[in-house]
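In what comes next, subunit A is part of two complexes: it sits with subunit B in the first one and with subunit C in the second one.
Moving on, here comes the complex of A and B:
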């Protein structure tokens, strides 16, 4: 069935427009172009002596959007801190990318990066036959409007990223991290136009579940965080890893290759997605943004995947990318950047009639991929697509003139008109760089008074029941984490498969013991004190989790995903600068390169009276290649009589901790990172694991040592008897609650088999460690305080129930 | 004989002995809204089949594709025709025009794969039957806050026995 387009092409009267008129044109057209950008466009077209068409304006707006060009990260920032001003020319190049460059140079022959920051996803080495592809995206704004569809297309979109990397990777697992307002948020306090967080939560989980499960890709890892400031802007991070044959990582379109779209048809859905995500939400967004909502179809995407894997191995195409934000305009514009391309819009298959040319070119209809196909292979590709019930259409060709030309045949007639003719150089390099000021003013949050803290046992139970710490089993159980058969260490672990694993281990090639570890670090709470230490802690947390299950930090790569408020505001931008600086410092010191990443700004909600910005939120995803999955270690205690060690130093670092939040405070001392000590600890622990000296290992993160120990105990079904005085700590740490709940980085709780303590201690020489107790036969957690008294004596069933109850929906 | 092209509405519900997990979950969410008078929620899958279908073809689609005969049963209903008893409320939620209906597209393909050539398109929707002494404003609140997303869906609610 074919449908007719609406042939209307309008011209923007730009050449004679005043500044006010240009501002209005941008706002009314939802172009999200600022005045300086409008002036650049006017100047460009003045030289050409004509006004731009709507297709050209829309294409420029999409390509120049924050979403696509990362203008903040690539711009010029004057960073003011105290009396000092530092000019940062391209924050991304000087922090994230520089970290990777410096690490690769230092590693020399041991560099394991294959492709970083250039393709749709990062690629690192896996084994002789395959490389590993990994990408994490965000889909925040669409998920705020339609949680199910937004999350659905979030996961669908990120699956297409590895699929559009190199010549196409085969997805092996998904990871999903969400940030919501607390599910018990009062209905009566809900601003107009905002969906209740519980509804957002349920819709997002269902959306991710339905797409991942139906695609046959296991969801093995994730995290869910809660803070009231996510009320108007929930965050939905979706990630996908894939394997790709080592000889299928290079791609380039050649002049004469055909532009082929395969998969779904083009409709009006998702128009203006990229520019929409570069604008703050208001209570009117719900209806004005109707078209920005996309609905996913996982069955369609599964068919595309099946076709592409065959076409890739038969060498039927030379280049591939997915249609994401900006649709055809971005995909073809980027693919043809070095050659040029001509697109014939009337050949694009439509879902229904009445689409204008610019709508066809900009539509973000889901489940579409663009291929560059040599003409001699087109018939083979068509036959292959037909055999899998996938629609394939030639919609143009790659040229050699470095122009993006879009043509159309009105009224289904013979005459062809040009509706856009853009210079690739101007399209991709013409956007003016922004100059912004960032101003850092350290906050001062009071500490909670000592006499207003509940007892340790009561605090532990309350912490286990807090939204952030509580079991996420209700969510995990909806995801298929077994499909494809390669999951070794799964999200839920322990005697009853209900303990919280630190990281997942997947064996993507079933004939090999080599595995992939996936972990994530995220803790926006520390950012209220200092975003520098928030970012540093996120990296440390991700690497701790990798270490916990048996991974090595020198085989680990990182992804960064920044979700921020409005970076035009100096305080938000200063937070970004500080977090990015920490990314450089900590990643270089640990030797873990960034291979890909993404940013999402303008996560602020305004209902006319107040503006709520999300807390600066950095997700660090870590991926590690493990030689032998048989050496993986889970977090549940294994046997009575084994010894329990705490490894790593505990400091007075309760600032931003779950414990202080529970008391209604933020505090002053956010956890810092000592990389020299941290990497020493992680490397020694890895060596101990390789020798079979570790029965269980769990990292100390939210809720500190007490929560980590409790989780290990009730996951394994055995109690523990611990003595806080044996915990290695700073001299000034003299309170039980500090030892129990401080969230100092680079710390682990380790179970060592009875009789092998001396070997373990010899192996850990050089790192702070203490033998703090034993696994007991009774189902009770006992803790002796610094003063020698028993301060916790709680049945495991009480602890576990407290932890499971909140999200048992 | 060629059948006339028209719209047939099919409701698919769980058999009485099968737990209605979606309905039970929604009942909890409605209680969370502070509407304590809701006594039960039943979830209904709705399909609108457009095309020229013979009785045998309709049965082939409904029994062979849309219904799991072990756990579900189906009935043909009129517009705004959910089987709502007096004192109950019926709610129907359908996509707004132009919103992608992936399940509908798949049902269309499935119908054609079953050899039903006369089918033209399939729309899918969701129905809910709410039991308990509720007033219209409460039902509207339930619809807006839980059942329908105004951005992509429209809803209609009606009282049984009217």
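Moving on, here comes the complex of A and C:
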């Protein structure tokens, strides 16, 4: 069945427009272009002596959107800190990208990066036959308006990234990280136009579940964080890894290749998605912007995946990318950047009639991929697609004139008109750079007084029941984490399959024992004290988790995902600068390159009276190749009589901790990262694991040593008797609650098989460690405080129930 | 020895074809072909090329009408003659998860009345109201004619992952014929650490010492009730897998192909590596064909 378009093409009266008129044009048309950008466009068209068409304006707006162009990261920033001002010309190039460049140079022949920052996802080496592809995206704005649909198309969209990387990777797992306001937020306090966080939570989980499960991609890893500042802007991070044959990573479109769209049809869903995500949400967004949310159909995407893998292996196309933000305009515009392309809009299959040319060209309807197909292969590709009921249509061709020309045949007639004719150079490089100011003013948050702190046992139970720490089993079991048959370490571990694993391990090639480890680090709470240490801690956390399960940091690569507020506000931008600087420092010191990333700005909500900005939130995703999955280690304690060690130094670093948050404080000392000590500890621990000296390992993160030990104990079904005085710590640490709940980085709780303590200690020589106790036969967690008294003596069943109850929905 | 040819039937939304094919290869099948259903409808391929027809897991056509319904209709309307010939020759059919739903909705399972192709059962939404992925203990029925569950331990442990896994029967008559006919090939049973008839809450409260004691007792006592989540979806009689009267057509909700490597087991890091339970089902199929 075919449908006809509405042929209306309008012209923007730009040449004679005043500044005020241009500002209004941008706002009313949801173009998200600022005045300077509008002026650049006017200047460009003045030289041509004509006004732009709506197709041209919309294409420029999408291509130049923050969402697509990352203008904040690539722009110029005057960073003011105290009396110093530093001009940063391209923050991204000077931090994230530079880290990767420096690491690759240092590693020389040991460099395992294959493709970084240029394609839809990063690529690293896996084995002789395959490389590993990895990408994490955000879908925040859509998920705020329509949690199910937004998250559904969020995961659908990120799956298409590896599929559109190189000549197409086969997805092997998903990872999802969400940030919501607490599910018990009072209904009466909800701002107008905001959905209740519990509804958002359930909708997002269902959306991710239904897409990921239907695609047959296991969701093996994730995290869920809660903070009231995510009320207006929940964060939905979705990631997908894939494997790709080593000889299928290169791509290019040649003049004469056909532009082919395969998969879903084009409709009016997802109009203005890219520009919509580049502005703040308001109480009116739910009625003005819902058309920006796409409608997902996972089975369509699964069909595309099925035929693409066959077409790839038969060499039927030369280039591939997905239709994401900006739809055809960005997919074809980017693929044809070096050649030029001509598009025939009337050939694009539509879901229904009545779309205007600009809507067809800009629609972000889901499940569409663009291929560059040599003419001699088009029949084979059509036959292949037809054999599995996938629609494939030639909608144009790549030219050699470096122009993006869009044409249309009105009234289904014979005469062809040009509706857009843009210079590729101007389209991709014409956006003016903006100078922004960032101003850093260190905050000062008081420490909680000693008399406001409950006893250690009571604090531990409350921490285990806090939203951030509590078991996420209700969510995890709704995701199929076993499909594809590669599961090695599951998200839930232990004697009853319900303990919280650190990182997941997957064996993507079923005939091989080589594995992939996936972990994530995120802790926006520290950012309230210093975004630098927040970012540093996120990297450390991700690497700790990799280490916990048996991974090596020198085989690990990172992704960065920045979700921020309005970067036009100097304090938000300063937070970004500090976090990015930490990314450089810490990644270089650990030798873990960034291979891809994403940013999402304007995560602020305004109802006219108040503005809620999210806390600056950086997600670090880590991926590691493991030679032998048989060496993997889980977090549950294994046997009574084994020894428990704490590895890594505990400092007075309760600032931003879960413990302080529970008490209603933020505090002063965010955890710092000592990379020399950290990498030493992680490398020695890995060596100990390879020798079978580690029975269980868990990292200390939210809730510190106490929560880590409790989780290990109730996951394994055995108690522990611990002595805090044996915990390696800074001299000024003299309180029990500091040792128990400080969130100092680079620390692990390690179970060592009885009788092998000496070997373990010899292996760990050079790192701070202490033998703090043993696994006991009784089902009780006992802790002796620094003063020698027993300060915790709590049944495991009480601890576990406290941890499981909150999200047992 | 005859060579064994296995067809893994693909269709839109089927997503366990690769690991199921891998399981059959591990089990020794010489030829394992994942082929799209359109090839059989258009006649470019024939079911008769194969010894075993496998409908693997996934969400065929999105399960848009209900689990497996559209694919069941397609098979019935377009391929039924070939399927009849296939079963008439004594060949094997295996349905896993979505494939099980298809076989039930085609009326191929349980077929308590010989020659009947009436739908006698359905597979409905889980009692929990949501998709769930977890490992389950299954007890085989030694009295069942099922060729896929022969020669394997009394209890096996494999994962289940579905939103629609609750087996319901059309009538009391069907239920009455099911047991005597040996149609119930696999049932969910309590894990070793849960006493018969005990609920999940009670089990959670039990001490680990008691659990270790219980582990000494034989798992798989189904004389009592198997409660949620050990019986994960609320099936009648805790049914996990059903065969027809010949035992050559078999379907189950859990996924045996997801336990074919020692590290699949959720507790391999604490209990050690052992022979994977899921392989029995595939080996039985391959051995049956070889012997036939």
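Following the convention adopted for this analysis, the second predicted complex is superposed on the first by the 809 of 809 C-alpha atoms of A that agree within 3 Å, B and C clash if a C-alpha of one lies under 4 Å from a C-alpha of the other, contacts with A are read in each partner's own complex, and residues count from 1 in each chain.
Everything below uses one rule, namely that a contact is a pair of C-beta atoms (placed from the backbone, for glycine too) under 8 Å apart; a residue touches a chain by one contact, two chains touch by 3 or more.
Predicted, not measured: the structure shown is a model, and the values here were computed from it.
Undergrad: Using the touch definition from the top, say if A:507 reaches subunit B (first), subunit C (second), both or neither.
TA: A:507: touches subunit C, not subunit B.
Undergrad: Examine A:267 and indicate which partner it touches, taking first as subunit B and second as subunit C; both and neither are also allowed.
TA: It touches subunit B, and subunit C stays clear.
Undergrad: Could you say whether A:299 touches subunit B, subunit C, both of them, or neither, answering first, second, both or neither?
TA: After superposing on A, A:299 lies in contact with both subunit B and subunit C.
Undergrad: A:366 contacts which: subunit B (first), subunit C (second), both, neither?
TA: Once the two structures are laid over each other on A, A:366 reaches subunit B alone.
Undergrad: Regarding the shared-chain residue A:145, is it in contact with subunit B (first), subunit C (second), both, or neither?
TA: After superposition on chain A, A:145 lies in contact with subunit B alone.
Undergrad: Who does A:490 touch here: subunit B (first), subunit C (second), both, or neither?
TA: The answer is second: A:490 touches subunit C but not subunit B.
Undergrad: Per the overlay, which chain contacts more subunit A residues, subunit B or subunit C?
TA: C
Undergrad: On the A-aligned overlay, A:482 touches which partner chain: subunit B = first, subunit C = second, or both, or neither?
TA: second
Undergrad: Could you give the residue numbers on subunit A that contact subunit B in one complex and subunit C in the other?
TA: Looking at subunit A, the two contact sets intersect at 297-299.
Undergrad: Which residues, counting only subunit C, touch subunit A once they are in their complex?
TA: 10, 12-13, 15-16, 18-19, 22-23, 36, 38-39, 57-59, 61-62, 130-135, 159, 161, 193, 204-205, 207-209, 211, 255, 257-258, 260-261, 263-264, 266-267, 269-270, 273
Undergrad: Quick one: which bits of subunit A touch subunit C in the complex? Just the residue numbers, please.
TA: Interface residues on subunit A, with respect to subunit C: 209, 213-216, 297-299, 302-303, 306, 387-389, 477-490, 492-497, 507, 510-511, 629-630, 632-634, 636, 638, 716-718, 777, 779, 796-797, 800-801.
Undergrad: Quick one: which bits of subunit B touch subunit A in the complex? Just the residue numbers, please.
TA: These residues of subunit B touch subunit A: 25, 28-29, 32-34, 96, 98-102, 105-106, 145-146, 149-152.
Undergrad: Along subunit A, where are the residues that touch subunit B in the complex?
TA: Where subunit A meets subunit B, its residues are 145-146, 148-149, 187, 195-196, 198-199, 267-269, 286-287, 289-290, 293-300, 351-352, 365-366, 809.
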